[in-house]
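The structure is given below, and queries will be raised subsequently.
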């Protein structure tokens, strides 16, 4: 997939700063997300990956310039930004445990629940569970609900934060397939620690360290360069197939 | 026999009043995690609004009509106050539950004092339709008519609120927002507006409770809402913190227990019956009190 | 639920605020002793202890001379209330227990003292001992039962206990509590130095002594392992349990310590004011304790003391506003509303919560930090 | 060492665990794997005393602890970490660890003993050990996800436990640190601690575990040597699938 | 050098200026409810006091050429505030403290008078315990015993009659039950009581109990906001059909609160507009009208307090001579002839019975009977 020609940017982030109290978490992050394919946002723990996603959709206090298809969105409220076309899948799934699976979905679109075609296509496991309380689902199923509900709406861009964390190996593979499928129609900005998965589906990578972008480029090139991955991420891709 | 019937009906009436007072509280607590100490002031505001409306409308109108208008005005005033309080005081403190609660404590102090400053500390008489203060004799018991009104209104309110939460989109968003406000926002839903609406509904329920309670008491006074609030709190706790149905059941139980204890038990027991009831629930079913974590 | 109070807590006092958010490598190794941490309280104590010799007038702030009986009585009341607020903070700010029943213990101290002096004719030391022991037992019982639940339910259950006590006091069983009229202190049973207008300075020193004692006890407590455990319970109770901290015992300990201090406050309150009054038993009183602690800053000794002191001061002095001359030109309705002290207190409270969510000390701390960083 | 005999757990009408029996011996590391929702965390909760089983027995060092509280078990040298980090959010990372260190000390909650700085050194050591040196002064609630996981581990290690239960210690930990933490856990095991670890990172489990237990729908599907278990067809089908 | 006495003024001035022998103005401190639940009582009291002092000093506002200065403090109904304010006022050299709208305040301030040797003239507070509290404490209003004795008079001969007291379960209610038992029980009536817990919201059970008891006389001792509900309930359950009902008449704004049954109740009254007519009453009426007020229940207590203050000051500022001057003093107040009984400082005074009559949309009290001071005099409770 890495031979897709670079497309025009759908999202550009320029000089993004986030401060929490006294700590300066993002210190001028700048990068573009192409209008197609998967862009992976990588980095060690605590460097600001989640914060970057949150800042983009307005869940973190931010300064800088963020444009979605040329429109500045950095001063908009979260709900506006989301309705403007950015879907967000948070780090901890954050399904509404007290609501049923169906209600979780209808929250986004009152007319479409588990019977929506996209659910049947991507998450057949959920179809029969419309009336189950989302809180009693297993971790993997919750991850599906979390993904499914953003897919009900047409998005220009999806922000997805560590979707495979805590999932059983089999589910990791399944989720990777789903993401690859989704990426056919919608560009993704994906935070991921699982490098094999990155290698499998990502086109571009952005690496953050200490609140700044330290690398920006082709995914395959990074993964293929053990010295570079070691320098940027502290690991090399030696364990083929281990996930 | 006729005594028992009388006690049961008035006990139910009392339970209905408690539910009216507690419903808004329970709604706001259950959905927003804000224990609204200003709820008593909301009720007082409804009561005064009703009283002012009744006396300002031309006396030539039949009293029933004036009361109906007064109820509508009280509900509106309650809703507007709820709305303003949410937007001005609650919303900016959004991640700080305790502070939200504290602001309502301040409001309850200031509100009662303001009413006292404007209308005086003394109770003011409220006109009541003759029918409401009359009685209907059934099986030898003189049953006060107004109690039937309270019971009917309470039932309608309960049904209405349940339907709202269960069957409307607003209800769905509210239930989701209770669990995780940020995530609702991140799904593109303007959650702030929803919570303002919740507060307004709670305020409206308080306004309704206030005007009906002033009919029951035959007077309005600044501390009136507050005196009902303590029962509303207990009812909400026994009912399981934020469950409307639980609140309704608890209101009825508290009303009946209080009424029966006051008649059949020694004076001291009647006095403490509600507290004893709470202690009993606590000892027998502590888990029912843990409630939704807020 | 267990961390009800945690987000208003300005973190433990001894975590250096300046470095809390940054990540420099050399941090919190042991604790650097800040000399002013010891010196400041001593200076404040010295100044306060000397006040009865200050004859200056502070018009508008204190009635008459600083050491006049009116001022001394007012300051004594404020100090007692401040000490009681400090005792409440052990529950709320330190352990995260939202109790609406703390009034119960203050009242039990106060009433048991006045009743044992006049009805049972005990000598003063015996009466104090009895009041303290009985309050301790009471706190153990109430705590043991109420701790079966947590969060808001705990608040409501403690409220119910306090309410029951309030009802009993109001009913005036056997004529011992005096019902809504309260119980007057038996003047013959207390040292002459504590009686009479001219002796107001001695009552002031008594109140100050109580505050010092409360301060010392709370300081020792929070510095002890139990104090750490209380903070842990406040932050995350189930986590504290798997670490091997007996959370039930920790919470019970907090309740007992707070209650005994509260009861002592009640005793001093009765001595300072010359009697017990049923306002002490009401839930409004507990609620005002909560207001005080939040006003000053929960989880901080200075905060609780300052909050309690200012609240009591405002409560006492705001009645002066009702007659104030500057109200005259205002429209009738506005004047009537403004002349209600409770209105001003309520609004003031909202303003503080609104603009200084971590209390006055938190606000102070923030300003200092801001000044330091710019 | 810790063992469960015939443990079952029922909640809200559903049988979450059925008749689970397993033992973790001194100096042994038992990997617990299984699909999401299989009941792994529930089992850890029961072993650590956070929840009570509906049936069965738990013993720690051959003493029956089925009815003792989490606190009591912690005093017997049992420590655990949580899957969704359960930290003292309002305290700093250092204070979190210090609490854990002190909780393990003698008379953990004495009102008469000063808390003292004695353990400051040990706190710093522990933080360094889990690859987060210098984060000691950050409030726990301000830590990133991965750092919270590491802090969890530090707290579990703080008490020098004799039995250690870890619930997904590597979830969300950056690839770089996974190896380091794996090494630490290995050392802990080698020092004679009985370790039970729930983990989805298969290379970690395979690298560390002496034996692996597979839970599926609340039942023990297989227990055995790692290679043996992973080649079990049912395990592959239910859990491993086709790896990336 | 070493610090002086704690609490001493600057320099080494000795005791604070007491309004005593020197030639400055007489200083009187008022501690009463300007705000809080009893603010209306407080206002009436204060208005009456102004007029009373004016009347007693013949408009000069001075005694023996020395002006009377009044310092006010608001207790907001809270005894703790009252004690603090009284301490302050005494400390400022006020030798007379007056006020106490509520009984709680009166009972907590009274000991201060004795501790500090100042005169305390209690106001509207009705608690019997204020009488005989100590030698320095006086009262300018009536006490519960006198209310109850008035009620008893309405039954005529109570021998063998059955009397029920419907009272709130509080010190106020209990005091009324005790007083009724003492007054009417002594005259041969059987007295029982229905005590209503403070926590009761619906009063039907109690009305039913009263109905079942069917007494000859029902004495209602009620203070508080749910009065209307109580009266309505008594009416609904038909208590008025079988029983004579007596209660105390409160201030004007409450007259409408009796609702429909108001005209069926027999009232005992301490004072109301039109209850009496004499020089003092006319002065009170005139003085209040000039201030925009009107005669009502507690304006009397203020007026009488004013008279007592002036009379005491006429004896000079010394506390003991003020006490002696007041003890045994008999004078004409707005209610009629009043006497301060030397043994316990009870204020012996006439009492009234009344009924409410409809006048247009208002209800106004009408005098039914005046009882002599002796007929309602409380027993002597000597000082401890």
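Note that the chains take the letters A, B, C, D and E in the order they are written out, and that residue 1 is the start of every chain.
Assume contacts are C-beta pairs under 8 Å (C-beta built on N, C-alpha and C of every residue); 3 or more make two chains touch, one makes a residue touch a chain.
These numbers come from a predicted model, not from an experiment.
Enquirer: Chains shared as neighbours by chain B and chain E?
Expert: Expected: C.
Enquirer: Check C-E against A-B and say which one is joined by more contacting C-beta pairs.
Expert: Answer by contact count: C-E.
Enquirer: With centres defined as the mean of C-alpha atoms, identify the chain lying farthest from chain C.
Expert: Using the mean of the C-alpha atoms as each chain's centre, the farthest one from chain C is A.
Enquirer: Mind checking the centre-to-centre distance between chain C and chain D? Centres are C-alpha means, answer in whole Å.
Expert: Distance between chain centres: 42 Å.
Enquirer: Please work out the Cα centroid separation of chain D and chain E, and write it as a whole number of Å.
Expert: The computed centroid separation for chain D versus chain E comes out at 73 Å.
Enquirer: When the C-alpha atoms of chain A and chain D are each averaged to a single point, how far apart are the two points in Å?
Expert: 29
Enquirer: Distance between chain A and chain E based on Cα centroids, please, to the nearest Å.
Expert: That gives a centre separation of 77 Å.
Enquirer: Any chance you could list the residues of chain D touching two or more other chains?
Expert: 138, 142
Enquirer: Out of chain C, which residues touch more than one other chain, so two or more?
Expert: Within chain C, the residues that touch at least two other chains are 7, 20-23, 167, 171, 339-342.
Enquirer: Do you know which chain A residues sit against two or more other chains?
Expert: 20-21, 23
Enquirer: Considering the complex alone, what residue numbers of chain E touch chain C?
Expert: Against chain C, the touching part of chain E is residues 3-4, 6-10, 15-16, 34-35, 72-76, 78-81, 83-85, 87-92, 103-104, 107-108, 110-112, 114-116, 127, 129, 169-172, 174, 197-199.
Enquirer: Where on chain B does chain E make contact in their complex?
Expert: 3, 6-7, 10-11, 13-14, 17, 116, 120-125, 128, 133-135, 142, 144, 216-219, 221, 223-224, 227-228, 231, 255, 258-260, 262-263, 267-268, 270-274
Enquirer: Give the list of chain D residues in touch with chain A in this complex.
Expert: Its residues touching chain A are 14, 33-38, 83-84, 138, 142-147, 150, 168, 171-177, 179, 200-203, 238-244.
Enquirer: Please give the residue numbers of chain C that touch chain D in the complex, ascending.
Expert: Contact set of chain C toward chain D: 3, 6-7, 9, 11-12, 15-16, 19-31, 220-221, 223-229, 231-232, 234-236, 238-247, 249-250, 253, 257.
Enquirer: Taking the touch rule as given, give the residues of chain A at its contact with chain B in the complex, in rising order.
Expert: Interface residues on the chain A side: 57, 59, 77-79, 82-83, 88, 90, 94, 96-99, 103-104, 106-108, 110, 149-150, 153.
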